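Presented below are the structures under discussion, each in the form of structure tokens.
In what follows, chain A forms one complex with chain B and a second complex with chain C.
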Partner chain A sequence: MIVALKMIVTIRILVVLLAFPALGQSIAIRPPHTVIAGISFSVTTEGSGSATFYLLGPSHVVKKTIQLGQDLPISGSDVATSGLYQLVACDSSGCSSADLYVLPSSPERLSFLVHPSRVPVSTANAINATAVVSDRFRNTVVAPVTVMFHFSSADARPYSRSGPTSRGIAWLKIGSTTKQGPLQIVAAVGETSEARVIQQVASEACGLRMQATSEARSVRLRTDPVRDCSGNALPDGTIVSFTKVDDAGRSTVDTPLKKGVANAQFTLSGRARISVACGVVLGNEVSIAGQP
Partner chain B sequence: MRRLLPLVIVLVTGALVAKGWLRAGGLQVRAERSAGTAEQAVRSLMADVQAHNWDHAYATLDHANGIQESDFIHEVAGSDGSLRTYSVLQSFDLWPLHADADRSTVRVRMNWSSAVGSLDDLRDLSVVRDGNVCRVVWPKPNFPNVPLQVLPVNYLRWDVIGRRSDDWGAGSVDAPQVRITSMNAVERPDRVLILGEVENEDTVPAYLNVNATLLKPDGTAVEEQGSFDTISHRLLPKQVSPYRIDFPGLRLSQVQSVRMDVRALLVPASADPVISVENQTLGKDALGRKILNGALVNQSGEVVNIAQVLAAFYDSNGKVIWVSDGYVDQALLPQAPVPFAVNVPEDVATRVQSYRVVVNHYIAPTA
Partner chain C sequence: MKRIYHFARCLGIPALLCLLWVWCADFPGFSIQAASLPKVTLNAESISPRPIEQRTGEAVTRDYAHAWQDLADALDTNRIELLNDCFTGEARERLRDRISDQQKTGLRTRYEDHGHQVKAVFYSLDGGEMQLVDEAQIELTVFDGQKTVYRTQSTYKYLVLMTPGADQWYVRSLESVAGDKP
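Moving on to the complex of A and B:
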């Protein structure tokens, strides 16, 4: 790639140097000022006889023999990449050159990135959606276009936002909804759309409570269904920590949620204080009398 | 001449064998195995344990308590893939505690060289006189006898499947969200320690590493270290682990600030086994050192081969002021309590207001 670019630069320098003697000569080429990528067009040439024509693009070089004084057709496939092109014609008397700017064609592709792939519910500005608009040749469409972002999840009404592109990129930040589950985000420009799905997951536990059932020398503990402040059940496997302090010392157990609740059992030695926590969230504390 | 050569060869061979025996400590071993005194009896027993000479070790024990050889070997050499099965007795120290005509007590500190470093085992052994010989009374092991039962195990496990998509933005899953919830820099006489806790805030398991870089006033790094094995690397959702990062040979006066870095990976994991930590108390061991001891109970149905205890100690402000760790050299059989103890420095113990213990575990893959 680097070698090819060096070759192109070298050829351009040579061609420009060759073109200096032609100043004031009759050979000339007149392309349109701008063309659309992938669209064929013609270049007007002046002079007589045959000449060698060069089309020097950002990633493509064409060399052909032409007849001066005739329109020169350029195939759309030779200008698929947007950017600045240089056209040069040379005959025995010298060279003539002109510039041509190839613009991206209409938006036909979307590159779409949504971050993060998992997001806690009810979190402001947590979801970042970025769309890069390009034409069918993967040229970034730098002209402003409006990208529509459609959001839909199972338990909420779908809604949409729109945003203009800046240098081909449109982005927005939104907050997550209050319900956990998949959230589909579709970016659309005209007939083109691209979908991504992220997971909205339960946030920190809220109102964590446990019930204690005392037996002869032990106590069984069971939490109420563990939910976040929006009422979403924390996923099974989430760790809940129980701590008991009694005459025998401190006992702890980290137990995962199963079917939404956590269970534990401790033996008792005298009066015990038992607390529960999930991550950094503390739950209630119970005091229970056991046999010493 | 015909008889002289074989005679010379036999004599030279004998001399070489004797030299090798002497150089291998044969005299010392022989002395250790003669048991005229209580100390010699214990020394002989330890020498046999070092040499894995179980038959002789068992033969020198006092059998009045009905100890079986298999139980003795089971306890000393370990079983069920425990850490002890990966250990050898590297050295031992002993000193008498009490002695009278028929019975003595000898304290022995065994230093085991194990797969995770050296481990100390301190025991007070009774020695009884049997005629001219002293015999060690090895306490009869009390192995747990869990009744036959069916234990349903239906904890969650998480698998990571699929592969990354080549399309930009099309198929990525973020690494778990983890957070350092506390950090404290502590100076000890020979080192600087970075202590704290880290939480997996996500809904998927995480494999994490915590690294710390000590920075000079000009912002350049003094040293970078990781938490290595003083952390629970695999954290389930909402699980909290203490961590400790050691910087040997440094002083806090050399450090202006600390840069923390926690990296998490998405990994498969299982919520099984659940290990409870029971009857934790701060106390002293036989040598008078401050310890936190208790018992681990494997509440699941699978044998846990190696368990590591991590304890975070807090002051009255809830700040982490110390993190200790220790390995348990017995396997955790289902429902059977196994004692543990971790050291707490004397000066730290006086400031400890609360503590919290988590357990790392290793389960050997089954064939």
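Moving on to the complex of A and C:
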């Protein structure tokens, strides 16, 4: 009785195995959990016979026929993009899949942005620098690295700052120096560096003064050389406004700086008060007695 | 209770509702779910170094949702041109390459999008870049011709860099990152 029962069970198992051949030799695919972008590696496959293999990546798809039961080499060029990949092997019995994370390689690229391109001198927190660190395949290097920022200009001692990246981004804000001219900012990670140059320009006028030379019915006005509070000459073309108030009313002359100074001439009608301004800065005021 | 009732009666219920709306609007959270768009919820509480403006948050949320819709359509139909409206730079290049490979191998990928919990983590001082961390609930199916070769439903994490254009925000970088928080 027991022997007959055993035979029945054995026959049933054989029937099941014959009906589903894959059950006895199921396919499986076993990649490493993580690999580095651009590095070749092997995937272990289990089963027998041929199968269709799929590598499904963020920017790349591979489809090819493989022999199960053998190690499957994957080229580094197939995993250049970091991120999640799906590896799938399918034969007539079905499909088997596994996930693989490709991690970024070492830092080799910098996207470096500096804002603004022109900045007034002696202005606190006026310059923003942002660096995005990526590997040679342009994958963002998520692991923290230190970015060095080097600053140099013609008249000031060079100096450096450093900042760690957070999710691939390092940033800082600094003030401009006191001297106008180009300021070079270099961001560096390891052997990689990127340079940007911004222009530091004179700030607002400081201590604006004019001299008046009166003639019979007119007055000639001339400013002293117009400079900011750090002694930088304001660029030629900067507008200086002269305003006269006399018996004839109020009149204003806007004139650009030429060779660092501004000139103007007014016809007078009685006693006049004349003031000078450049941007938001007011200069001195003169009072002149003209002929009525 | 009596005082509250009296206050509400004086001020009027609509005015109280307006106050409540204004109070809620101050929180840096944005959400969008149009009929055909994936649900995107943006949390900007921990963003630095500058805060996000209300309208910017709404625009980023809207444009990021559109980007995912375009991504899903492009990968399902293998039409590269669908990427042009919302993607730029590296993100567009990579998706183009993926679709190009899908065309060559006869594959297509279907994204069933079940929503995005997005955290804005970086907004540059000049307003030129915004970095997001997205936890996306996605059902992913890959077809080879008519045959399904891969199907899974999972939470995927993405590191996203968005940059502003003339009238919208573009996805410049979209990288899946490992399960632990990047």
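To be clear about the criterion, the second predicted complex is superposed on the first by the 267 of 292 C-alpha atoms of A that agree within 3 Å, B and C clash if a C-alpha of one lies under 4 Å from a C-alpha of the other, contacts with A are read in each partner's own complex, and residues count from 1 in each chain.
Following the convention adopted for this analysis, a contact is a pair of C-beta atoms (placed from the backbone, for glycine too) under 8 Å apart; a residue touches a chain by one contact, two chains touch by 3 or more.
These numbers were taken from a predicted model, which means no experiment stands behind them.
In the overlay built on the shared chain, the residue A:Ser59 is in contact with chain C alone; chain B does not reach it. In the superposed model, A:Thr81 makes contact with chain C only, not with chain B. Shared-chain residue A:Phe112: touches chain B; no touch with chain C.
After overlaying the two complexes on the shared chain, residue contacts for A:Thr177 are found with neither chain B nor chain C. By the touch criterion stated above, A:Thr223 is placed in contact with neither chain B nor chain C. In the superposition on chain A, A:Thr45 makes contact with neither chain B nor chain C. Of the two partner chains placed by the overlay, only chain B lies in contact with A:Gly237; chain C stays clear of it. Residue overlap on chain A between its contacts with chain B in one complex and with chain C in the other: 113, 115-116, 130.
Taken in their complex, chain B has these residues touching chain A: 154-156, 158, 168-170, 172-174, 177, 181, 199, 201-205, 236-240, 271, 274-281, 294, 299, 355-358. Residue ranges on chain C touching chain A, taken from their complex, read 49, 90, 93-95, 97-98, 101-102, 104-107, 109, 121-122, 124-126, 128-129, 131, 133, 140, 142, 144, 147, 149-150, 152, 156, 159, 161, 173, 175-178, 182. Per the touch definition, chain A reaches chain B in the complex via residues 111-118, 130, 196, 201-202, 205, 234-241, 243, 248-256, 258, 264, 266-267, 278-280. Remark: chain A residues 34, 52, 54, 56-63, 81-84, 86, 88, 90, 95, 97, 101, 103, 113, 115-116, 128, 130, 132, 138-140, 142, 166-169, 171, 173 touch chain C in the complex.
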